[in-house]
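In the part that follows, the structures are each spelled out as structure tokens.
You will see two complexes here that share chain A, one where it goes with chain B and one where it goes with chain C.
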Partner chain A sequence: MLAYVIRRLGILFLILFGSSFILYNLAAISGDPIGELRFSDDPGAAQAIIDLTRQLSLDVPPPLRYFIWLKGVVGIFWGKADFGLTRDSLSVATEIGNAIPVSIRLVFVATFVAIVIGIAIGIASALRQYSRFDYSMTFFAFLLFSLPIFWVAVLLKQYMAIQFNNFLSEPKIPFGWLLTLSSLTAVFWASVLTRSRGKFWMTFSTVFISTAVLIKTLETLEWFTNPRLGPIAVFIFSIVIAFAVTHLSVGLSNRTALNSSLTMSVFTLGWYFAIQPIFNSQISLLQILGLGVVVILVATITALFFSRIDRGPLIRTTVLTALLSAFLIVVDKYMRTWSSYMSEDAVNYRPVPTFGQSKPLLPQEDYWIRTLDILVHLLLPTIALTLISLAGYVRFSRGTLLEVLNQDYIRTARAKGLTERTVIMRHAFRNTLIPLTTILVADVVGIIGGAIITERVFGWYGMGTLFNRAISTVDLNLLMGVFFITATLAVLANLIADLLYSALDPRIRAGSGK
Partner chain B sequence: MRVFKFDKNKGTKENLDLSGENAIANKETAGLSQSQIVLKRFLRHRAAVFSVGMLVSIIIFVFSAIDSKIGPISINGWWKHKTDDLPPLLYEGCPGGTVGCPTISMRPKWLGGAGIALGEHPFGQDDIGRDYFALVMRGAQRSVMVMFIIGFFAATIGIVVGAIAGYFRGWIDAVLMRFTDFIITIPSVIIGAVIGAKFGNLGAAVLAVYLGLFAWTGLSRLVRGEFLSLREREFVDAARVAGASARRIIFKHILPNAVGVIIVSVTLLLSGAILLETALSYLGFGVVSPDVSLGLLISNYQAAFSTRPWLFWYPGFFIIAIALSINFIGDGLRDAFDPRQKRAISKKERLRAMVGIRNKE
Partner chain C sequence: MKKGNKLRVGLVALASVGLVAGILAPAQGARNTIVFHETNPLTGFNTGQKNMNLTANTAVSYMSGIGFGYFDDKGIYIDNTIFGTQTASGSGSKFKIKYTVAPGRVFSDGTPITAANLLFSHVTRSNAYAIAAGLGDPKSATASAFDAAGYSSVWDLFVSGDPVLSSDKMSMTVSFKGKFADWKLYAPGASAVHAMVHIADGKTSLQPVAANVDATADFEKAFFDKDTAFLKKLATVYNTAYKITTVTASTNPLLFVGNGGYIVTGAVDKQSVTMKKNTRYNSGPAFKGDIDTVVFRYITDGTAASQALSNGELDVYQGQVTADALAALKKISSVKVVGTGAAIYEHFDTRLGKNSNDPKQPEYEGPFAAKFGAKSKALRQAFLMCVPRQEIVDKLIKPFEPSATVLGSTFTLPGSDIYDSVVRSNGSKFYSGTQEQLNQRARALIKKFAPEVTVAKPLKIKIQVPGNNERRANQFALAKANMAKCGFDLVGDVQAAWSPRIGFTEYDAVFFAYVQGSNAQAGSAANFKLGGANNRMGVNIPELTALMDSLSTPMSRTVLAQKFISAERIIHDQGITVGVFQHPQVTAVNKDLSGIKPAVYSPTLVWNWWEWSY
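The block that comes next holds the complex of A and B.
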């Protein structure tokens, strides 16, 4: 195994060396770094050319200049890597260091949401193969595959930001919209949940009426300008979560797990009141994460208290319920911050921005307002990225699950008399996740350098923007710096994906010959 | 009744039981050749068949609308305007004081509209009065052309590299696959941007050739995998014993057996190519002005969306229509070539099978 990893790493270095050499020369012939200065009338231009030439060693031909760059980068092995300077005499390393967190912030949420929703839809449509739901989800996925992201982005800016802000200034939902929203929701849930036509219309009408009533109630309560959940809604949602998690994780017939999860719902109600003073004082992200750890600990202890045997699944269920419920409390806090965020001068009652990664004029003292601002700025780019990458996960998880469901061990599991839930969740779903890990690793890394267009449309300053700037100004050091990071991550991700795959799937052994 | 069918993927004879579980699905394929089965299955995928019609009509429409040149053939367009005409900007009947709005009317007279008519400028006009219909047609021509050129080069290189690596194995395989890896490490947008910045002004065709030279990696890996498994099969041994050359075995014996995987993957490559071209043009690294492409049109007029949305909608619709049809064709082909794919069996058929009525087909 070790030999295999070492061999792979060796090849990795050769590949990185080769491709960076090719890219350097390609980029060098793609443009002239001092082209503009050559035709400039500015008296300082001649001096600027001389300075730039000296600073970036432009007098050395590109194939040799590459090795000057390489010499700096190889320093990474003895801890003083030198990525060179950009054209504006800034350190490439600092520029990249500033850009990476922005890119990660942009990409992480989008990937996470896309995976969760994508897998859920993919599995639902695989379980309803050749149903109307399946066909419409297939169409939806292909439609998303065919959308250029910048096109989606412009639409989102118009409808999710400008028009939505208009709506928020006077939150009245017209009757036509009410009907459309309710029927879309109803069609979706009815086709996910039911198989026969009679049940379909029953579910449809139930969901339709309840959605319409809910929207109307929220409207009359002016919830859209002043959203909140409150302790009662948090408690009710938390009970729903407890039932849902237990059902999916161990089945509702497991009373111990259900009791343990419901206990967490009661705890959540207690936490709700206990946590408000802490939330209202000065708080940081680290403290919130710390509270999360406390929640996990309490949930684990509760689960241990409830169970005598088969503790693993029980702890899993309880912890998941507790975390999701605790998350609701945080959501509630953000909702309560909303109206004061809206009334800030910098926001001025138009909360959804079309551009930028935060509002610089916003006061920075309050943690909740500051982070809400970041979240709001994340909204549009995240939706755009999610829509684009959702389709891949839907198709992939659908295909894999269908393949798994055709396997003999599924037939065996059914023949043993296991419940359908156990067959799907424990036997089929887990094996579907194995191939997903490989595309996940590749995706995350690919996206770090790959959100070029999204960053540009929404005015974010991440790796994509750096790269964009590097190409258009022929800034070789910057380009190579960005490339070095993304390519190294890509190759490493491939290696990790292979190792992970062989660890998860015992049928495959990494490095055991061909 | 029992029929034996050769399963290409497993390399075993599969016992097809015509009276058992899969009776309905299996009876249809009995006695047909591979290509007949594939065609039959493809025709059953209604969305895919519709998409073929759609794609073909879009291509014919787009290339006949305004002057175009495909290799030696020149086509004189039937549309009255050309991309470089400068007719006066029309403003009659435009909403909110804008100029150059679309004159197309889809609402028949009996519904209270102006009747179905194209008018002078069906898609409107751009800032300086150029006919937007002509521009969109030119852009779509460029995008389709770029798509096919990228597809052609990527497919050729990918198949050859994958076939050689998979067939010869050993050091040839190692060298070719490491080479493939290194092309993979460079993200396609980066390659496109570097190439576009250098060759974008040489015209869309040159750009497409260069992009094609870098787009073959995924296909070659796939073909290699297919060759690795196919080369161990008996018919390859038979050909070798009969004295066939390596070239003959690769192209005449193995390649036709791998064609399913290749075709599917190439269609997906095509839809990726059209999006790559639009993305690059959008970033300004692809097709550059005065040439026109769909991505470039969207990029130019995205700020005009709230006042003149038609400048944004029409090119977008063409991109989506083309990419969507190709994706559906790819899906249809995948279903058609996959021997494990079972089709949906309708209630009527199940009922008939249950009560034992023989299907007359």
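The block that comes next holds the complex of A and C.
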């Protein structure tokens, strides 16, 4: 095993060396770093060309210059890595250090959401293979997959930022929109929940009417300018969560688990009132995470109190219910912050922004307003990225689950008389996740590489923008810096994925197959 | 009712009234913030430093400091007598300029401005001073301790000796080797040297005025004593302290002491810079409006910026947009669109010979070579006539800028005070007329001087086409089509890295754009004089070189226009170059905002910050 890892690391260095050498030379002959200065009538241009030539060693031919760069980078082994300077004489290491967190912030949420929703939809459509739902999900997955992100971004900005902000100035929903929104929701839920035609129309009409009534009620209550959940809604949602989580993890027949989860819903109601003064005082992210740990502890103790046998699944169910319910309280707090956020001078009643990471003039004292600002800035890029990356996960999880469902052990499990829920969730779903981990590792590492177009259209300055800037200004050190980080991570991700695969699947052993 | 109860009822009533009043009161006061769009993010706050002279940096530093004068939107230099005066005396080697600061001018921290604050720019501009003070030779490999971009420039070429301060310390007199063109442009600015001294001493907060005056005196002493150690300490501050892109409440406020109208108070790396009004500002024109905060936000993507504008996130947007984007901008009801040309002009050049700056290139033997005399001259003229300039402007530029015209000059641009008078008599008429007429005249010229060339047997002309650019590809296609009618077979060589290849003698002709950095007299001189840095087409005409050299002496705008006319007559007669169009640029401004007057030259949008108002 160790020998295998060492051999792989050796190959990694060879790949990095070869690819960086080729890229360096290709990039060097592709453009002229001082081209722009040649056309300047600025009297200082001649001196600037001399300075830049000296700073970037432009008088050395590229194949040799590569080794000057390599010498700096190899310093990484004795802790003195030197990635050189950009054309603007800024440190490449600092630039990359600033850009990585931006890229992570931008792509992390989108990747996470895409994974969760993608797998959920994929599994739902696999279970209803060749149904109307399956076909329409396949259709939408491919449709979204084929959309160019800059176009999606422009549409999102037009309708979800500019028009939505206009709507917020007078939140009245036109009749046509009411019908469209309600019927779309109804079609979705009816296709997910039902299989026969009669039940479909039944569910459709129920969801349609309730959605329309809900939207109209929210409108009359001016909920769109002053949104909130309130203790009652939080409690009701929490009960729904308790039922749903119990159903999916251990089954509703497990009364102990249900009771334990429902106890957490009651606790949630209590927490709701207890937490408000804490939320309203000076609070930090660390404290909120601390409160989350408290919730986990309480849930674990409660579960232990209820359980007699088979503690593991019970604790898991209770903790999940408790965390999701507690999350609702946080969502409620953000909703309550919404109207004061809108009335800030810097926001000026147009809360959804089209670009950037935060509003520069917003007061930074209030934790909730500050973080809400970050969240609304994340909204559009996250939706755009999620939409286009959803398809991959939907198709992949659908295909894998279908393949697993045809395996002998699933037939055996059914033959044993296990419930359909146990067969799907415990035997099929878990095995579906094994091949998914490999693409997950690659995707999560890909986050660091940034998203060139998304960053550009949303005015984020992450790794993608850095890469783009490096190419367009022929900034070799910067280009190589970005390349070095992303290439190293990509090669490492491959290694990790292989090792993970062998750890998860006992049938495969790393390094055995030569 | 008890007294206490009455009080309580009263308080409750008052609170209710307050609540109602709060609800009824308008949610927002008069707006006093301007949010500007910039394409590329800020890289530092010291624009005197090498590689820091970017648009984003310049805009911020322009607003935080004001000196003896500025350029207006017509490119005319305006004296700022509120700050002080510059008076020239003597001529020849006796030429002197006396810079006098008006009494009572203060920095944003209340420190009075004296002529001692003018000394610093000499340290970062004079090679001789740098060597004498032991800072190093800017031209050698050791370089000066100050990482300044100003060395080896106009100031350094003409200055002689060190400045002298008057006894009241309010004026500084500098001697020069001779009178030089645009001398007013090179006036030193007021540097807050006391702040640099304090930073060098490790101070991290604003100091009392008395301490600041002492610090300025310390610098003055070190300047005249050429105190190497003291100056090197300042150099460290100058080189490193301002190279930041994040500014928070804990950032050293000494970095942002200035005498301009706005002072930097915050910055987020690659995202924004926030400037607040300098309440002590008295160094220039009085504020007309009540703009309290100016924010620069950085968006690379043009579409993103125009959508941000329509979402009310920006107040001013400037960029080179596509025709669709322009149409979208015009539809935004809260915005007015002001079209301005950028200071970039496209032109077609013919090759006369070998680029004298590039001895490695082989000799030019093509049909346009100057050594072939009258025949090559006629071919050059015919070639430039057959560039379908009107068609290019109509098809490629008018969609953006309906008032766009074919350029008639390469020394001045439309909007300049002398453009019209130059174009009237600079010989550009030789190349005007309908394209049909021009083609006919070109054919006549070819028939007379090069009868072997016909439309059926065209002359092959190799031209470099700058790659990765749709507009240039279209330009080439239009030119090729029309050239065929004249008897030229235009062979395009598309190059992505085209700029270093312009001087290559394998090309008979090239087309690209020059950026006109300023309205300075000698601006385009380097393009046409023998040995000029930008003379890549081998122009070697003694008369033209002499004219170009004469541009470095000061003269009135009328005389300058005469010089341009004489030079362009030669250029047009010899068929060296013709201008095609000025690159279009669009400025869109929040409708309620007044006083934004885009200028062609840097600092394009912010030159008149005192005039902005809602």
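Heads up, the rule we're going with is that the second predicted complex is superposed on the first by the 511 of 514 C-alpha atoms of A that agree within 3 Å, B and C clash if a C-alpha of one lies under 4 Å from a C-alpha of the other, contacts with A are read in each partner's own complex, and residues count from 1 in each chain.
We take it that a residue touches a chain if its C-beta (ideal position, glycine included) is under 8 Å from a C-beta of that chain, and two chains touch if they have at least 3 such contacts.
Because the structure is a prediction, the values reported are computed rather than measured.
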**Request:** Quick one: classify A:Ser89 as touching chain B (first), chain C (second), both or neither.
**Result:** second
**Request:** Report for A:Ser253: first if it touches chain B alone, second if chain C alone, otherwise both or neither.
**Result:** neither
**Prompt:** Between chain B (first) and chain C (second), which, if any, makes contact with A:Phe458: first, second, both or neither?
**Reply:** second
**Request:** Examine A:Thr138 and indicate which partner it touches, taking first as chain B and second as chain C; both and neither are also allowed.
**Result:** first
**Request:** Figure out whether A:Ala161 sits in contact with chain B (first) or chain C (second), or with both, or with neither.
**Result:** second
**Request:** Considering only the touch criterion stated at the top, classify A:Ser340 as touching first (chain B), second (chain C), both, or neither.
**Result:** neither
**Request:** With the two complexes superposed on chain A, say which partner A:Ala48 touches: chain B (first), chain C (second), both, or neither.
**Result:** second
**Message:** Quick one: is A:Leu23 in contact with chain B, with chain C, with both, or with neither? Answer first, second, both or neither.
**Reply:** first
**Message:** Going by the contact rule set out at the top, does A:Phe355 touch chain B (first), chain C (second), both, or neither?
**Reply:** second
**Request:** Using the superposition described at the top, list the residues of chain A that contact chain B and also contact chain C.
**Result:** 29-31, 150, 154, 157-158, 162, 456
**Of chain A, residues touching chain B in the complex** = 11, 14-16, 18-19, 22-23, 26-27, 29-31, 129-130, 138-139, 142-143, 145-151, 154, 157-158, 162, 406, 446, 449-450, 452-453, 456, 467-468, 471-472, 483, 486-487, 490-491, 514
**chain C partner contacts - residues on chain A that touch it in the complex** = 29-32, 35-36, 38-48, 51-52, 54, 87-90, 98, 102, 150, 153-154, 157-158, 161-162, 165, 343, 345, 348-350, 352-358, 360-361, 456-459, 461, 465
**Complete:** Residue set of chain B touching chain A in the complex reads 47, 169, 178, 181-187, 189-191, 193-195, 197-198, 228, 271, 275, 278-279, 282-285, 295, 298-299, 302, 305-306, 312, 316, 319-320, 323-324, 327-328, 331, 340, 344
**Request:** Quick one: which bits of chain C touch chain A in the complex? Just the residue numbers, please.
**Result:** 27-28, 33, 41, 43-44, 50-52, 54, 141, 147, 149-154, 243, 266, 268-272, 274, 293, 295, 297-301, 303-305, 307-308, 310-313, 496-500, 502, 512-518, 522-524, 526-527, 533-534
